[in-house]
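Listed after this line are the structures, all set down as structure tokens.
Look at the two complexes coming up: chain A is in both, with chain B in one and chain C in the other.
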Partner chain A sequence: MFSAELFTQSLIAGIVIGIIYALMALGITFIYSIVKMINWAMGEFYMLGSFVQYFLVVGLLGPDLWWVAALLSAAAVFLVGWLIEPVLIKPMFTGGIERRDDYATVVTIALLLLMRNLATALNGPYQRSPGTNLGTVMLGPLPESGARLAAALCALAAMVLFWVLLKKTWLGLALRASSQSRVGVQIAGVDILRLDQVAFGIGVGLAGVAGALLAPVFLVFPTNGVVTTTKGFEIIVIGGLGSIPGAVVAGILLGVAESLGAAFISSPYQNAYGFVLLLAVLLIKPSGLFGERMRHA
Partner chain B sequence: MRSTRHPAWIGALALAAFGTAGAPAHAQEPITIGLIVPLSPPGDPTGGQLIRRGAELAVEYYNQKGGVLGRPLQLSVQDSQGRPEGGVAAYRRVVGEDKAIAVTGFFHSSVNIAVNELAKNMGVPTMSTQASAAEITSKRYPVAFRTHAIDPLRVAAWLDFMAQKGFKRVSIVAETSDFGIGLTEETQKQVKDKKLAIELQTISFDRSSTDLTPQLLQVKAYKPDLVVNIGVGQPMDLIIDQATTLGILPTTPMLVSYDAPARPQFWQLHPNNGNGIYFIAYYSPKEKLSELGEWLAKTYQAKYNEAPVYGSLNGFGDIAIIAQAATQAKSTDPKAMVAALEGGSFESWPDAKVTFPKADGPYWHNWAPPVLILHFTKPNQDWKEAEVVIEYGK
Partner chain C sequence: MTSPVLAATGLVKRFGGFTANDGVDIAVGAGEVRGIIGPNGAGKTTLVNMITGVERPNAGEILLGGAPIGGLAPDAIAARGLVRSFQVARVFGDMSLVENLLVPYLARRGRLAEGEARARDLIGRANLARLADAPAKTLSGGQRVLLQVAAGFMCPQLSVYVLDEPFAGVNPVIKDTILDLIATERRERNVTFVVVSHEMDIMRRLCDRITVMVEGRVLLEGTLEEVASDPRVVAAYLGKPLR
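And then the complex of A and B:
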């Protein structure tokens, strides 16, 4: 039976989780737009961020300084990405590799397995939670967890900061130029390989901050990044591969579709509604909501 | 001359050395028991790890006593990830490659059900340690055995609990696994058969979902007297946390469908909302243990610095039963093992003999411990101090 209150609650819950989904997808689409590769290990960088957050909050800073821990977690994951890129990703452009897509797929899947198994070996399979002192907040008729709301607000802030970085800084200009033409930026004197390294670091750092913010909400364990990868790829296909506004809009659409679908159609198929949305978008606009057709020389 | 004499001399030495040592070396070949447990998500890795601890201690126990049939015992541990296909591949490996004489450790019902379909053809017996779906034994496969509480017993226990507490409106939030669906259907069936005045709301969810707010909003709108949480592993914890956020807990009591709250990590995950939780358990520390059980409790405490929970006790017990069956059969042949399990009487961790009668329905080849409902009455309470609300089937 339809209930206006349940509808409003489900809609708000869907928007909140959708904003969080958008943050999960932003890193994937950003790396694709610059480095022209799909990073299949993105969920593992999310997992790494959640573990760093857990150890910082429990072992060092305490739950009140969760936001400091989240910033440090993002920085730590950025650093890991920044260090990994020259070893694993750079040879894609410097090693005379012909089939770059295949190379990127194999390398990032290997990285995924390595990181996941390393986490299991070091942590054991156990679930952990950094805990939170943030209480429940009323969002209209919906009681929402303080930690989840904080994650959504921080996700919005991270997206705004990211937008400012892209639109208002020299680095952002270089990144945007690189996404349009890798050859063009090299002619303009930009070190494209260094730019790739920074872009990879920023992309995985975004996944890391998502993991850190969601650690008290979805818990910390070696395979908690699986959902991030699945939702992330759904979102970038719906929004358009490489489109940042597309990732934000598609994230919210996915969150709302899942929430309303589970509440009013059938709850066991919660994860299927996203795929229905994906198929519908692909039927209407094969390049995604904000995607553009690629031109090849 | 040299060339002919030398090999003869070496041959004699070799015969002396290996001729006598060869036979015992063959006799000393270890007996392998397969252990298929979830060690990573989407399964419940903690559940798998606890069973593994008990099973490893059982191997240690028997090897200290000289092994089984004069041969050392060893485990082949495989991670099912809680996925049926993972379990089937693992069974094939332990039986085909490692020549396991029996396979145990099952935690997720869907894994055990899928493996039994293969086991009925390959012939090596399976022993369910903590998988409870009725279907595991109700198909009456000669190779399927179980030492765990089945769905009908668990449901009967919680219906008694609902009657005792006067709960009339109950929400069941269940994952779409054999365990979740089986328990939901069994509850509906028993409520109807027993003509109980209990109104049920049943909501199911995909166990890979992390946001269960939409499901729990429906629960909240229903205004139940009790919520039955049938999530296993991470979903069980997420339901507790997300129900707290929505204000369902602590106002509405929650019953967890298995013994996860007895695990040491429970209070680390739920320091502020674990109090008041009811949960199913299969062992009370007030219960008398057998000699084997006492050995395990003492060794486990010394090794892990905590008391064993049911998963470890039953993981230990199942290896002990398989070892005793091989001894009674005087063979590791699968058919002889099945016959020994069917006809024998075994010692496990409880102070009662374990048998596997050819009984009707899900009671086929099934020995079940009593089903308890425990209740945390204060924060950070040791599960051994939890209030025993219901003790069913003793």
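And then the complex of A and C:
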């Protein structure tokens, strides 16, 4: 049964969740474009962000200061990424490793297993929720969960901040330059290895923000990053690997596809609609909506 | 020559069983323009790569202003004032010309406003003012080379500039522009240049001295007239005497 009201509601719900998915995808694509690697442990940084958020809200700040907790969670995840990078990722460039892609895949999957099992050991299999005092918000005649809406607005703010960092600061200039030529920035006198470290921290920090914002919406548990990571990679393929606008647009598209599919086709298959979208994009434009055909120099 | 600003002694670089540089010595004085010529495969680019930190020497020592730089990373060497250009221009295609030039400037903690003024001045002197805010990927091959050469001049503490084949595949007008840029920076900042090129006419106009490399070694060194009249250089490289 088609109703305009249900359609609008689903559309808004899809956009809201899509914006948060996009944050995750942004982190993946950003790390890829600077460090030239896929971080398969992205979902575990999402998980870490959600746990930090949970403990800050429940143990320290209370649900009203959820936004302070989210900022602190983002900072904590950035810091963890920033500390891990020199140990695990940097040897990719300094250790005389010939097959860098393989190396990155192996170490990040190892990191994924370590983080997931560490979380299970420390937390147990329990699912937690920090709770929220944000009630339902009416968008016109349509109800929307306050926590979701707040999460989407914060995700949007994080994206704007990220954009300002890239476009308006010296660090952003260096990051954009190194996404185009690593050798080029090195001969310009930029220490690319330190840039990698910052980029890795920022990328996983974006996943951490997504985890923190979604903590009251989805539950907090050791494997809660799995689904969002899958979404993140779906978005990357739909939008085009390495494209920042692609990640944002595809994130929203994915959210909308899932939401409309669930409302008008069948809700148990919610996670499948994104893959239908993915297959359609692969058939029509295999490099993704915003992707450029890859050329290895 | 007073004490050289750039000195390499006994440089060796092997790739598997092939010895690309086999005990190369070179010393360049402050403010000098040194040319490096030699047949393809003589090891010129390998030498440049070692001096600028792109390749790590198997043996030998490199001194910049008396301090050892052998084995340092390219960015650390650039920070000490030794900058290079590549034969295939490495520009940041999605960034504007001004932004391209700001990268080397800001890397050394320069001020943004000063950097932008300097970048626009340099772009003007490179006859690219019309394109200053266009993305670098819209440039032609020759203009990219020009942009890359200009980027080196943005380095605030530039003392030695190594140019690897800056004139290859570039039209005569751009060649003259590059020569003008080199002359100006040499005059105003006493920059030392090391230029690898096959363009003998340009090398005659540009270089104080020429180092001839053959098969991974320095064959001889002298003014262009001196080296061009050496029968070994004629046989190994020039093919016939220069007139």
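As a working rule, the second predicted complex is superposed on the first by the 296 of 297 C-alpha atoms of A that agree within 3 Å, B and C clash if a C-alpha of one lies under 4 Å from a C-alpha of the other, contacts with A are read in each partner's own complex, and residues count from 1 in each chain.
Basically, a residue touches a chain if its C-beta (ideal position, glycine included) is under 8 Å from a C-beta of that chain, and two chains touch if they have at least 3 such contacts.
All figures in this text were calculated on a predicted structure; none of them were measured in a lab.
Asks: Once chain A from each complex is brought into register, does chain C clash with chain B or fit beside it?
Replies: Fit - chain B and chain C, as placed by superposing on chain A, sit side by side.
Asks: Let me test your reading of the model: by the given contact rule, A:192 touches which partner, first (chain B), second (chain C), both or neither?
Replies: After superposing on A, A:192 lies in contact with chain C but is clear of chain B.
Asks: Could you let me know whether more residues of chain A are touched by chain B or by chain C?
Replies: B
Asks: What is the contact status of A:184 with respect to chain B (first) and chain C (second): first, second, both, or neither?
Replies: Second partner only.
Asks: With the two structures laid over each other on chain A, which partner does A:176 touch: chain B (first), chain C (second), both, or neither?
Replies: second
Asks: Based on the superposed arrangement, let me know which partner A:6 touches: chain B (first), chain C (second), both, or neither?
Replies: So A:6 only meets chain B here.
Asks: According to the stated criteria, A:63 is in contact with first (chain B), second (chain C), both, or neither; which is it?
Replies: In the superposition, A:63 touches no partner, neither chain B nor chain C.
Asks: Minimum CA distance, chain B versus chain C, superposed model, integer angstrom?
Replies: 38
Asks: Mind listing the chain C positions that touch chain A in their complex?
Replies: The touching residues are 52, 54, 73-76, 78-79, 83-84, 86, 90-95, 99-100, 102-104, 106-108, 112, 151, 155.
Asks: Would you pull the chain B residues touching chain A in the complex into a rising list?
Replies: On the chain B side, the touching residues are 39-42, 45-46, 48-49, 176, 203-206, 208-211, 213-215, 217-218, 221, 233-234, 237-238, 241-242, 245-247, 265, 268-269, 271.
Asks: Along chain A, where are the residues that touch chain B in the complex?
Replies: Touching chain B: residues 3, 5-6, 9-10, 13-14, 17, 120, 124-129, 131, 136, 142-145, 148, 217-219, 221-224, 226-227, 258-263, 267-271 of chain A.
Asks: For the complex, which residues does chain A have touching chain C?
Replies: 170, 173-174, 176-177, 180-181, 183-192
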